[in-house]
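Heads up, the thing below is written out as structure tokens.
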Amino acid sequence: MHEIKEECGVFGICSTQMQDVAGTVYYGLFALQHRGQESCGIVVNDDGLFRSYRDNGLVNDVFTRPVLDTLGQGSMAIGHNRYSTTGSGDRSNAQPLVVNHHKGRMALAHNGNIVNAYELRKELEMNGSIFHSTSDTEVIAYVITKARIACGSIEEAILRAMDRIEGAYSLLVMSPQKMIAVRDPHGFRPLCYGRREDGSFIVASESCALDAVGASYVRDIEPGEVMVFQGGRVTSLQQHCKEKPHRICIFEYLYFARPDSIIEGKEVHTARRKAGALLAMQYPVDADVVIGVPDSGLDAAIGYAEQSGIPYGMGFIKNKYIGRTFIAPGQKNREDKVRIKLNVIRHTVKDKRVVLVDDSVVRGTTITRIVELVRSAGAREVHVMSSAPMFTDACYYGVDVDSKENLIACQCGGDLVKIAATVGADSIGYLDRDALHMLLGNKPKEGYCAACFGCGYPTAVPTGDKSRFETRISEEDAQKADEDYERYLRD
Amino acid sequence: MHEIKEECGVFGICSTQMQDVAGTVYYGLFALQHRGQESCGIVVNDDGLFRSYRDNGLVNDVFTRPVLDTLGQGSMAIGHNRYSTTGSGDRSNAQPLVVNHHKGRMALAHNGNIVNAYELRKELEMNGSIFHSTSDTEVIAYVITKARIACGSIEEAILRAMDRIEGAYSLLVMSPQKMIAVRDPHGFRPLCYGRREDGSFIVASESCALDAVGASYVRDIEPGEVMVFQGGRVTSLQQHCKEKPHRICIFEYLYFARPDSIIEGKEVHTARRKAGALLAMQYPVDADVVIGVPDSGLDAAIGYAEQSGIPYGMGFIKNKYIGRTFIAPGQKNREDKVRIKLNVIRHTVKDKRVVLVDDSVVRGTTITRIVELVRSAGAREVHVMSSAPMFTDACYYGVDVDSKENLIACQCGGDLVKIAATVGADSIGYLDRDALHMLLGNKPKEGYCAACFGCGYPTAVPTGDKSRFETRISEEDAQKADEDYERYLRD
Amino acid sequence: MHEIKEECGVFGICSTQMQDVAGTVYYGLFALQHRGQESCGIVVNDDGLFRSYRDNGLVNDVFTRPVLDTLGQGSMAIGHNRYSTTGSGDRSNAQPLVVNHHKGRMALAHNGNIVNAYELRKELEMNGSIFHSTSDTEVIAYVITKARIACGSIEEAILRAMDRIEGAYSLLVMSPQKMIAVRDPHGFRPLCYGRREDGSFIVASESCALDAVGASYVRDIEPGEVMVFQGGRVTSLQQHCKEKPHRICIFEYLYFARPDSIIEGKEVHTARRKAGALLAMQYPVDADVVIGVPDSGLDAAIGYAEQSGIPYGMGFIKNKYIGRTFIAPGQKNREDKVRIKLNVIRHTVKDKRVVLVDDSVVRGTTITRIVELVRSAGAREVHVMSSAPMFTDACYYGVDVDSKENLIACQCGGDLVKIAATVGADSIGYLDRDALHMLLGNKPKEGYCAACFGCGYPTAVPTGDKSRFETRISEEDAQKADEDYERYLRD
Amino acid sequence: MHEIKEECGVFGICSTQMQDVAGTVYYGLFALQHRGQESCGIVVNDDGLFRSYRDNGLVNDVFTRPVLDTLGQGSMAIGHNRYSTTGSGDRSNAQPLVVNHHKGRMALAHNGNIVNAYELRKELEMNGSIFHSTSDTEVIAYVITKARIACGSIEEAILRAMDRIEGAYSLLVMSPQKMIAVRDPHGFRPLCYGRREDGSFIVASESCALDAVGASYVRDIEPGEVMVFQGGRVTSLQQHCKEKPHRICIFEYLYFARPDSIIEGKEVHTARRKAGALLAMQYPVDADVVIGVPDSGLDAAIGYAEQSGIPYGMGFIKNKYIGRTFIAPGQKNREDKVRIKLNVIRHTVKDKRVVLVDDSVVRGTTITRIVELVRSAGAREVHVMSSAPMFTDACYYGVDVDSKENLIACQCGGDLVKIAATVGADSIGYLDRDALHMLLGNKPKEGYCAACFGCGYPTAVPTGDKSRFETRISEEDAQKADEDYERYLRD
């Protein structure tokens, strides 16, 4: 699924005493690094004074020890990992956002996508507001600030702002006195909280970040819920909780989230194994070995193997030293570059009929090269299994699905034989979109969002012209495919 | 005068064709580096699309070749050098500021200080505005944007905004179509423009930056003038030109500006030589040699030598490799550190009666060490001459004069004998504040601002509580003296 | 096995035409990164002129695009990855070594350890030789150079030098005209060669590097063989081939080499799976799931699962973003730090009896923490299986096995019950050292080296006092355990 | 003289107690930075253990605080600044050199050039010696090491080695127990020592480095002298002292050394002022102002002004922020680039007849551009004065004078009218080579070396073919002029 952009991750801590909260956020963001790798930031609340640092880069590149030292001690802190589509030089969209308003300071970290952002922004601008960035987060900050004029407290202002904001948002807001966690009424993106033995509250996009800082998972923030953390207390405001059907993004389970995370009570690894098992039932193949594409195809491969009885094998070695600084010198073609990252373990596939499981098949370019690798290592047959259904529609809730004309499923009209021929496989199978609810223990179809798989949008979708917010220059578009591929190699 | 913070520099180019405008701004900012060394930035206007880069650091550290390459070609660009009092990690105050508003984008680069910034900000916040930074520049951007709602053009909005903004501002504003240069009605800070042979207009804080990019100086922007550059044309709007007395900062001539710059028709070097000559008349000394403290005391030293007939000598060698990365290891005391930067040329001072000229004497700590150096090299007498008068008052127009209790002139009650004893000199002289007008060719005293020397403020001064805009944490204050000293060593 | 230091990797290319040989070596070293992560280097032979670059750091940190560009084109190049025990500031031991001698230049890249290095060095020094480094490689360079005086060719000099040098060495030598691959008569360390479609010869420590550059594996260099590559020809000199029993290091199969490499005709992954299968036979356990410690315990875990019939499960998620720059802020204890790198997939182990397979157990500190992780995730029983036998003796052939007093097997007198109690496991099993030959297809025990497992040394072992070559300062020794642990976390 | 390469600088400290010797060397090298800017290094002697760090770059770029921290405390340390003609990636020539030999370790830092290096190296190689670098320093290390076999002490070995080594060398040798300063019998390069109040001995290429570390100058090391520092004692060995005529390089006074240094009892600044005064007598001009090209033309300009009675003026402002990272974007021609670095102070030269003093005129390209600058600022006449005589011959003692065909004096056959026309001046004058002795207080002509000015070589000159030691690739030669010019701009 590496051709789909990762989304953002948020993390916060609210303690009763001064401590190294920046260090805790560092560990938390590091555990959430898979959710966004372009930029990151931390804001420390030191008794009402905010100290912040944001930059492009991975958590452990941006937050060197001297940088962490300048952030100092505090009683609260929030952080953010971001995937950005703008050029590397532009740090103005990095989060958390820190703004000053009539009641003081406020910091925001946001994961999601607002569907009426254009309308809200237009309205604000007509009143003379200025925007420093093109991000939804700044729009949210404005709507809260405007609401605040008439409200006695920040949480009231947030509740009122939620009346105006539509779409997907899991939000951390920090005021001089409080840390507030907010999840939109549909609950598109995950958000949970936990507690550490020292009494600190921890909020994170995924539970794996709680584990990383030694906190115990308490529960998910409910869709529509506003949780206010202050000192050692937590207050839940549930005015917006029941107003919309709950719609957790199914693709969080299939690709985004880390396998060891638990979202709405379901372990991601288990959901993926079930996806593999469902594929084995849906597309039984007479084969000798099941292998997964590392890292995100491995869980489903084990599920397929267990269900089918075909032995699970280690099919690939992934070079673990590939990182951001990897360059690709020379006139090598792309097939060679895949080989830099992945190499086949010959014995596993040689003279075998192979089931090759990946998390998804989007454009088909990467899987085509991987099928070639497996064949050139001597496999007799290669059967590709995608644990995600076919992508057919755009996502408006924070996932950068490729445009329709690039989706192999659309190009081939959904014809499996044609797709298999295109990617060079003997056969191909996609998880049936009607089977998705089984991943989550027979959750009703209204309980999750699978709009990108053609299951319908739970909200109105944006109509406004977003083009004027677009900062990417058009020449860059041509380079996009190349850059995405390079990113895949480095990931 | 190294104990006084430098101010900002602005630079812009408006061409009729696409070209490497970022490269031109790079050279221009480099020539204005002495006006601000903490951060810098460039915004390129590529047919209405803005590409920008800002970071902490010197121009040639921030703008590496890859960074300049990402800025690409354009028909206009503006840039800014900034001296910032906030911590090194905080880039949010770096300029030019780029904002989005209802009519599109706008970039601003500002040199100066707004005296009613607090009131304006308070008023804006009460209407729900949010601020990302603590800078005056954001306030200016807001006031212009609000005015724009009722105005047909950006220049009209600027003219209207000037009714509201009080204080010192030399401003470059860039819209998708125009570059606009603005100088406040008092004209506290310099701003001039020139033209290059390719027809491009260049605007810069000082004329030395015009020289650096091969442009010919045309004239200074007049106090209160708004000049609009678009394509190959320039339009002057003079509504605010005559409304206030003109008040160019005299300290620009004495310390800030580069000696090769021409401000309001007067060459800085010449003004400094005159200051030296005036000192020679005011404080005649029976001496053998006149030496200047490099670099900014040299001009006045030559002037003193010429007027007095005492030979000019080269008194010091300054280590030219001192830079930002210079560290000061070990348990050395400060006297040793001065020796790292400056060394006396013994032959020049040995057994001599020495006149030692510096641009100013603020706290007195640095000059004390320099006098020691000269004495330890064998000087028989050391007479200190300061080409700036005694500092006695705060500046509200963009210069960070030290607080009163640190000023040696205040500590010693203006008693020259006491000051001389404190710094270890045989005698000391400060240029008489009543002689300042002679530096500028007998300009009337109303023609310049010398408020910091006790000559009275040309405007109302701020009364509002600025403390909530203060981001510097209090512990850092203790380190301030040390850091300033380190900065002096590196400069 | 992360508590055992990795060894070095060598890579070379000899082409018939000028090309981007540095780029090829870059890819090759990148594929061999697991063999040494402290420093790396490349030497390009451009028609007899040598251009080289060496530095501390990973391949993709050291070889940025500008650095590769300065190396330029050539017809030959060799490279080296190194694990260094000296401080990070000391680059003088980085390889390849380039020396000038009476016949011109010579570059050497070496993997191994010379047992009579001390004697050779002493003898050379008594004749007035000077040494720039403490490495064996410089000794080898000297012995070849001295031999060269009486020899007509570099290969003759190498053959003669092999009479004097004892121990483990897989060597690449580059002269202005030739690239020469050498493997010691025992053949302790692997070395193989292949060919690319453009006719270039490739030599590499492991076959995975041939795959990475698109070369086909031809065969291993034989123990004692000297292969001379020049232009499009290859010549094999076999004078030393049969003089000693062949002794490939068994630990290359168990830990060092990449699973996709083929050494002496045996695939590493397969050998590890066999180790797992043998463990299942040797230590049958009544359990519910078999999990491996990523990455090097996974192969054997699959083997154990297959043989035992107990299901294989994915037990851990490893944070793939851990890298060299990862810092560990705060006062966290070590248990927390393990959690930063590894997290348990709860569903896999909860309420289960778990077989936990790792590649080896050396000090026991890391496995103790992992067992705790698994238990805290709810495992009912944890049975540890080590696919390497118990370490009992030092290695003199290039592996930095820990000192005896730190080995848990030695501390516990080889008592499995005691070891299990120490690491907190319900039981523990180590592969029987008498079963090792089965990993390699019933190879006779004389066919490999397992000296570190108490199977006897194939050569005389060093007696000389090596202390004077030691550059590590003694205070550092105290920090060693900490640093090793940090390294494990980053790896 | 910026078209002539700077030479090296050495610095050492020998204390009686453990202290931050690396910090002292850091300050010392920083004061000697003008003698070499390509690479630098420090070796600390911690009770016989050597810790070293060397890299390309300026002292304050290479020696960051963490690097200095790794060097730790010691009782002795030596350091080196180097100008290197090889590519930036090649650090193998960086000094001090550290070697291991039969009696232990030895570190060397060398300033100079050995004229029989080729013969010595050839002889050593024929005995099987290998060389890691192309530097003379490694040859010296070998000759000392070979001599050591038959000598009881390191100082005896050095005395014996001096019988074999011919040419220019100011040397610091550090053994586990001693620091030894050596100056060749001709005494081409300066070397002096001093003492600090804590009893430490300091040795440095120039006395300005003694000042920088708070040491008092004691005296110059005599030509041929070997001074042994150990603990608190110093021993002078003078066997080689009287064997050759003393020949201090006159160009040290004219350009290399810092004006505040004292060499053989003469202050450099004073020598330069005398050069200016001599020029005024030799080439009297009817002019209005005397200006110097910063920085190294200023001293002589003052001397010219004093002698002639023509007023001294400040002619230029040099941008002090130019540094290593300065890039020159865009298609600007060179004339523009000079303007980036230097700007004329118009008032000083406008409508004036100007005497323009520079330290030397080599190729003439830079002075041509500077004359243009002065003319374009309105000067009526420009008379150029070079305080160095015409360069006519190569230097074999450590100065990289340009090749004959590039020297403007040679191109124009020494015809002053022709040279003036070439550089665009109204007239030009060079200090008469027969007047050089007057700079040093009527020293006899045998007392200094002025071989490069056509005054004859004091030693035999090299005949051997040095080409095989040449690592610079030929394509680079084409870029040389450009690089030199860039270097000038940055300097």
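The letters A, B, C and D name the chains in turn, as written, and every chain counts its residues from 1.
Just so it is clear, contacts are C-beta pairs under 8 Å (C-beta built on N, C-alpha and C of every residue); 3 or more make two chains touch, one makes a residue touch a chain.
This one's a predicted model, so the numbers in the text were calculated from it and none came from an experiment.
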Among the remaining chains, which ones contact both chain C and chain D?
none
Please report the smallest number of touch steps linking chain A to chain C.
1
Relative to chain C, the most remote chain by C-alpha centroid is chain B
What whole-Å value do you get for the distance between chain B and chain D if each is reduced to the mean of its CA atoms?
37
Report the inter-centroid distance (CA atoms only) between chain B and chain C in whole Å.
59
Suppose each chain is reduced to the average of its Cα coordinates; what separation in Å results between chain A and chain B?
47
Give the residues of chain A that touch two or more other chains, as numbers and ranges in rising order.
none
Contacting chain pairs - touch in the sense defined above:
A-B, A-C, B-D, C-D
In the complex of these two chains, what residues of chain A are touching chain B?
46, 49-53, 67, 70-72, 87-92, 97-102, 104, 106, 122, 125-132, 134, 141-142, 145-146, 148-149, 468-469, 471, 473
Of chain D, residues touching chain B in the complex:
20, 22-24, 26-27, 30-31, 33-34, 58-61, 63-65, 68, 208, 211-214, 258-260, 262, 267, 269-270, 295, 298-299, 302, 306, 311-314, 316-317, 319-323, 325-327, 329-332, 336, 339-340, 343-348
